[in-house]
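For reference, chains read A, B, C and D in written order, and residue numbers begin at 1 within each chain.
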Amino acid sequence: MLLDYTLQLADTSLILGHRLSEWCGHGPILEQDLAMANIALDLLGETRSLYQYAAELEGQGRTEDDLAYLRDAVEYKNPLLVEQPNGDFADTILRQFLFDGFHFQLLQQLQQSPEQRLAAIATKSFKEASYHLKWSSEWVIRLGDGTEESKRRIKKAINNLWMYSGELFMMTETEKQLAQAGYIPEYAPLLQNWEAHVKKVFAEATLEVPQNVFMHKGGKTGRHTEQLGYILAELQYLQRAHPGLEW
Amino acid sequence: METIIEKSLEEVFEEKIANEIRIEPKDWMPEQYRKTLVRQISQHAHSEIVGMLPEGNWITRAPSLKRKAILLSKVQDEAGHGLYLYSAAETLGTSRDQMIADLHSGKAKYSSIFNYPTLSWADIGAIGWLVDGAAIMNQVPLIRTSYGPYARAMVRVCKEESFHQRQGFEIMMTLCNGAPAQKKMAQEAFNRWWWPTLMMFGPKDSESPNTEQSMRWKIKRFTNDELRQRFVDMMVPQAEFLGLTVPDKDLKWNEAKNGYDYGEVDWEEFWNVVKGNGPCNKDRIANRVKAHEEGAWVREAALAHAQKRAQREADQKVA
Amino acid sequence: MLLDYTLQLADTSLILGHRLSEWCGHGPILEQDLAMANIALDLLGETRSLYQYAAELEGQGRTEDDLAYLRDAVEYKNPLLVEQPNGDFADTILRQFLFDGFHFQLLQQLQQSPEQRLAAIATKSFKEASYHLKWSSEWVIRLGDGTEESKRRIKKAINNLWMYSGELFMMTETEKQLAQAGYIPEYAPLLQNWEAHVKKVFAEATLEVPQNVFMHKGGKTGRHTEQLGYILAELQYLQRAHPGLEW
Amino acid sequence: METIIEKSLEEVFEEKIANEIRIEPKDWMPEQYRKTLVRQISQHAHSEIVGMLPEGNWITRAPSLKRKAILLSKVQDEAGHGLYLYSAAETLGTSRDQMIADLHSGKAKYSSIFNYPTLSWADIGAIGWLVDGAAIMNQVPLIRTSYGPYARAMVRVCKEESFHQRQGFEIMMTLCNGAPAQKKMAQEAFNRWWWPTLMMFGPKDSESPNTEQSMRWKIKRFTNDELRQRFVDMMVPQAEFLGLTVPDKDLKWNEAKNGYDYGEVDWEEFWNVVKGNGPCNKDRIANRVKAHEEGAWVREAALAHAQKRAQREADQKVA
C-alpha cells in the first residue's frame, strides 16, 4: 500500500518533469527555458528519491531505473493532468499551476507524516515546490492580465486542462487507507486551500474560475490517456533496446 | 611641477592592455575592439543556447534517471551561460534583442560543432568529453581576456564546463567498459565527433586574419593551431585509455616536437558548415526562430502586464 | 552487398510509409487521408517483401520483423529525405514527390535486373509507384498553381526538402559495385529522367527548380538526422519492451 | 375501367415500406424520415472517420509488420466507409460540408465507443473483436434498411467489418495463447472495452424514443435490447474460448430464456460520454477540428486550381 502510493508520487513527478524537459532549448524566453529546466530537475530529484524508496519497500532487488524504465503504461499511477501535452506556453503554465497548487499543499502536510522517509522527501522538496507555485502563479497572472492574445490563450488552456485537476484530490482506495491510518493527509482540506489559492490568483489574473466541470480520472489506477504510451516509448527506449546494461 | 602629458585615449587603452589591466565597460576602447568583442561574446552566447538543442535532444531518452538529471542540469547550465554572456555583451552597448535578431538572420554565427546531430546516447558522452574539452581549451585563456565582464563571466563558465567535460568522459568510460553494443556506440560517436571537434579551433593560423589583432589586444592568448595541437596531445592518450581508436590514419607521435602529428582537417567540410551547409544548420536556426516567434505573445504579455502593474502602483501612490 | 542494398531499399520504404501513416485520421480531405493510407500500405507491402528477401540473404534465421524492429538507428540505411517530418501537407507532398520520382525510375529499371527476386519485387511495386508519382505530381501542381497561400507553402517545402533529394541518386560503394556488376541500374540516367519530370511538373505548377543547392547525404551509410531516433523509439517500442514474442 | 384512386404520397411511401420496396433518393419521403436518415447515416459516417483516431493511434507502434499492414488497411477501410456513407447521406439533400460542420460544432454525434482511449496493443484486438463485432450486429440489419443507398453502402461496409472483426479476434487469440504479459494485456483490454461495447447498442428500449418510429419505417429491424442480448450471447462463449474472464460479476446463463443474464450497464457513464464527458470526447473533436482547419488552405488550393484549369480549357476552346 505504501509502495503503491510512493510509486504514484514518483510516477507523477517523473512524467511532469519529462513534459517540462521537452521544452529545453525551445522556450519563449531564455530565462523561462532555464526556469522550466530547473523545475524539471527539481521534480527529477524528487522522482529519484521516491523510486529509490519504492525499490526498498518492494524489496525485490529492483532499482530506481527498473521502476521508471521497465514498467508498462498500465502500471503507471500518475494522474492524467501531468501527461497532457505541452501545447503552447499557456497550456504548460496552466498545467504546472494546477499541479503546483496541489503539490505544495500535499508536501506541506506530508512533512508531518509518521512515515519518516516520505516526510524527509517531502521536507526536501517542499521548498522547491513553493518556488514552483510562485513561478507558475506569477505566469498565470502575467498571461491573464497581459494582452488580449495571452488572455485568450490562458483561457483556452483552462478549457483544455481544468477537467484533469479534480483527480489530484480524488483518493484511490490506497490513499484512503493511508489517510485513515494517518500516514498521509486527508485531501479535503488540501482541496479547500488549493481552491482558495486558485481563486486568489485567478482574481489577480482577471480570469474566471470554472464551475461545474466534469472531472476526469483514471491515471492513478492505470487508466491513462493515449499520451502516456508515447511518452514511455521515448523515455524507455534505450533500456528496452539494450536491457540489463550499466549506463 | 611636471607637465601633465595629455595621453591619447588610444595610448591609455594600449597601456592597459600591455599592463594586463582589465578594460571595463565605462572605459574608452577602439571601435574595432568593441565590434570584435560583441561578435565574439555574442557568438559564444549563441553557441551556448543553440548548443542546448543537440544535447536537449537526448534528455527524454537518457538511459537512466541519474544520466537524465546530469544532462538536464548541463543543458540548464548552458542556458545560464547564455544569460551571462548576453549580459556581458550588452555592456558593450548592444542589446540581446539585436544579437538574437542577428543570429536568426544568419548575420551572426555560433559554434559550427552544434550543426552536427546527436545520433545516439554515446554522442552525449562524446560531446561532453570532446566538445566541452575543446571549449574549455578555447575558453580557459579567456579568463585572462582583456575585457573585464567577459573574463569574469568565463571564470564561472569554465568551472561548469570542466564539470561537464568530466561527466562526458564518465559516460564514455561507462560505455567503453560496458557491453559490446555500448563500446560500438562509443566508437561510432567518437568517429563522428573527432574531426568536427578539431574544427572548433577554427581555420589554420595561415587563414585566420582576425587572430593577429585579437592577440595583440589580448582577446586571444593562443593561436588556433596552438590550441588544436594541445587538444590532440591531451585527447589521444585519453582515447587510448578508453580503448578507442582515433579515426585518423595519419596520427603519429612526433618525438622531435614532443607532440602528435595528425591528419589534414577536411577544410571543405569546415567551410561548408560555416556557410550553412552542415547537417543541422537549417534545423537549428529554424528551431530557434520557431521558439522566438511562437514566444512573441509571451514576451508581449509579460511587458504589457509589467506596464499595467507599474501603472497601478503609480495610481496608488497618487491616491 | 546484395543484402546491404536490399536492406537499404527496405529501410527506405518502411520509414517513408511510417511517416505517411502518421497522417491517418488527420488529413486535410478525407480522400487524401485514404490516399496517404493507401500509399503507406503499398510501401509497407514493398517493405515486407524486401525484408523477407534480406532475411533469406542473411541466412541467420532473422525474420522481417527482426530486421525492422531490432536494428538501431546507425544500422538503418534509408536516405535522409524519407525520415524528414511530415510538416504541413505541402511538406508531405513535396517529400513524396521527390521520392516518388526516384522510386518510379528505380523500380522501372530494376524490373530488368538479373537478380530475379529484386526484379519480381520491382515489378510488383512499379505499378503502385506509378500511381504514387501521379498522385504526388498532381498535388504539387495543385498547390503551386492554386492560391497564393498554397504556393507559399509549397515553396517553403521545396526550401526545406530539396537539399535531401540529391542523396537519392548518390551511389554508395555498395550501389556502385552492384551497378558495375549489372544487378542494379546506373543512377545517372535515372537522375536525368527525374530532373526532366521535376522540370515538367514544376513548370505546370508555376514553380522554379532550385539551382546550386548543397546536397546532404549520410542516411545510406547510417548517418541520419536526429529524426530517425524518435521514429524508431516509437516504431520498435513493443518488440523492445516484450522481446521474442509472437504478435 | 377501374377508377384510378389517387393515393397520397404518404400512402405510397408507407406501401413501399410495407412491401419491402426500397425508398430511393428521387422518391417522396416524410420529412421526419429524411431527417432521421440524415442523422443516422451522418452519425455512422462520423463514427467511421472519428474511429480512425483510436486505431490510427497504434499504426506506428504495431508490434509486427504484418499487424501494421493489417491495421493500416483497416483504418484505410474506415476512411472508405466514411466516404460511402457521406455520399449516401448526400443523396438526401445535405452536404458533406454541412455534416462535418455539425460534427465539429457538437450538434451531430458519433459512436460514443470512440471516446475511449486505446491504451495498449491489445486494445486494437479488443476493438476489432468487440467493437466491430457490435458494429456488425448493429449494421447487418441495415443491409435490409428501407433506404436504398444506405442499404447498398452497408453491403460493402459489413463485408469489410466482418473481416476486421476476424482480424481483431485473431489478435486476441495470439495474445491469449502467448506469454503471460500478453495474456494480461488482453484481459486488461477486455476489461476496459466490454462495458462500453454493450453501450454501443444504445439506451434500454424503455428509454429509446426514436426506436418505435424507426422500426415502423424499417430503418431499424431490431430493438437495442434485442441486439445487446444477442451480442452478449455470442461474445461470452468466445471469451471463454480465449480464456478471458468477462468483467461482469452478474453474468449468468439463464436456461429459461436460453441466453445470458448480465449486469446493469453504467448508464450514468453512458450519458456522461454522450454529453461530452468521456475520456476522449474533447480530444477526438479537437483532432478533427484541427485537421479540418489546418487543411483549409489545401481545399482552397484544390478548388482554385480546378477553376484555373477549367478557365484555361474554356479559353482553348474559344481560341
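Quick notes on this structure:
Everything that follows uses one rule, which is that a residue touches a chain if its C-beta (ideal position, glycine included) is under 8 Å from a C-beta of that chain, and two chains touch if they have at least 3 such contacts.
Nothing here was measured: the structure is a model prediction, and the numbers come from that model.
Between the interfaces C-D and A-D, more contacting C-beta pairs are found at C-D. Distance from the chain B centre to the chain C centre is 37 Å, each centre being the mean of its Cα atoms. Chain centres here are Cα means. That of chain A falls 41 Å from that of chain C. Within chain B, residues 61 each touch two or more of the remaining chains. Multi-chain contact residues of chain A, defined as those touching 2 or more other chains: 72, 233-234, 237. By the document's touch criterion, interfaces exist between A-B, A-C, A-D, B-C, C-D.
Only residues 72, 230, 232-234, 236-237, 240-241, 243 of chain C touch chain A when the two sit together in their complex. Residues 18, 21-22, 24-34, 37-38, 40-41, 44-45, 47-48, 51, 64-65, 68-69, 88-89, 141-143, 145-147, 149-150, 153, 234-235, 237-239, 242, 245-247 of chain C are the ones that touch chain D when the two sit in their complex.
On chain B, the positions that touch chain A within their shared complex are 49-50, 52-53, 56, 59-69, 72-73, 75-76, 79-80, 82-83, 86, 121, 171, 174-175, 178-179, 181-182, 287, 290-292, 294-302, 304-305, 308. Put simply, chain C touches chain B in their complex at residues 72-74, 160, 163, 214, 216, 218, 223-226, 228-229, 233. Listed in rising order, the residues of chain B touching chain C in the complex are 54, 57, 61, 117-120, 185, 188, 192, 272, 277, 279-280, 282-283.
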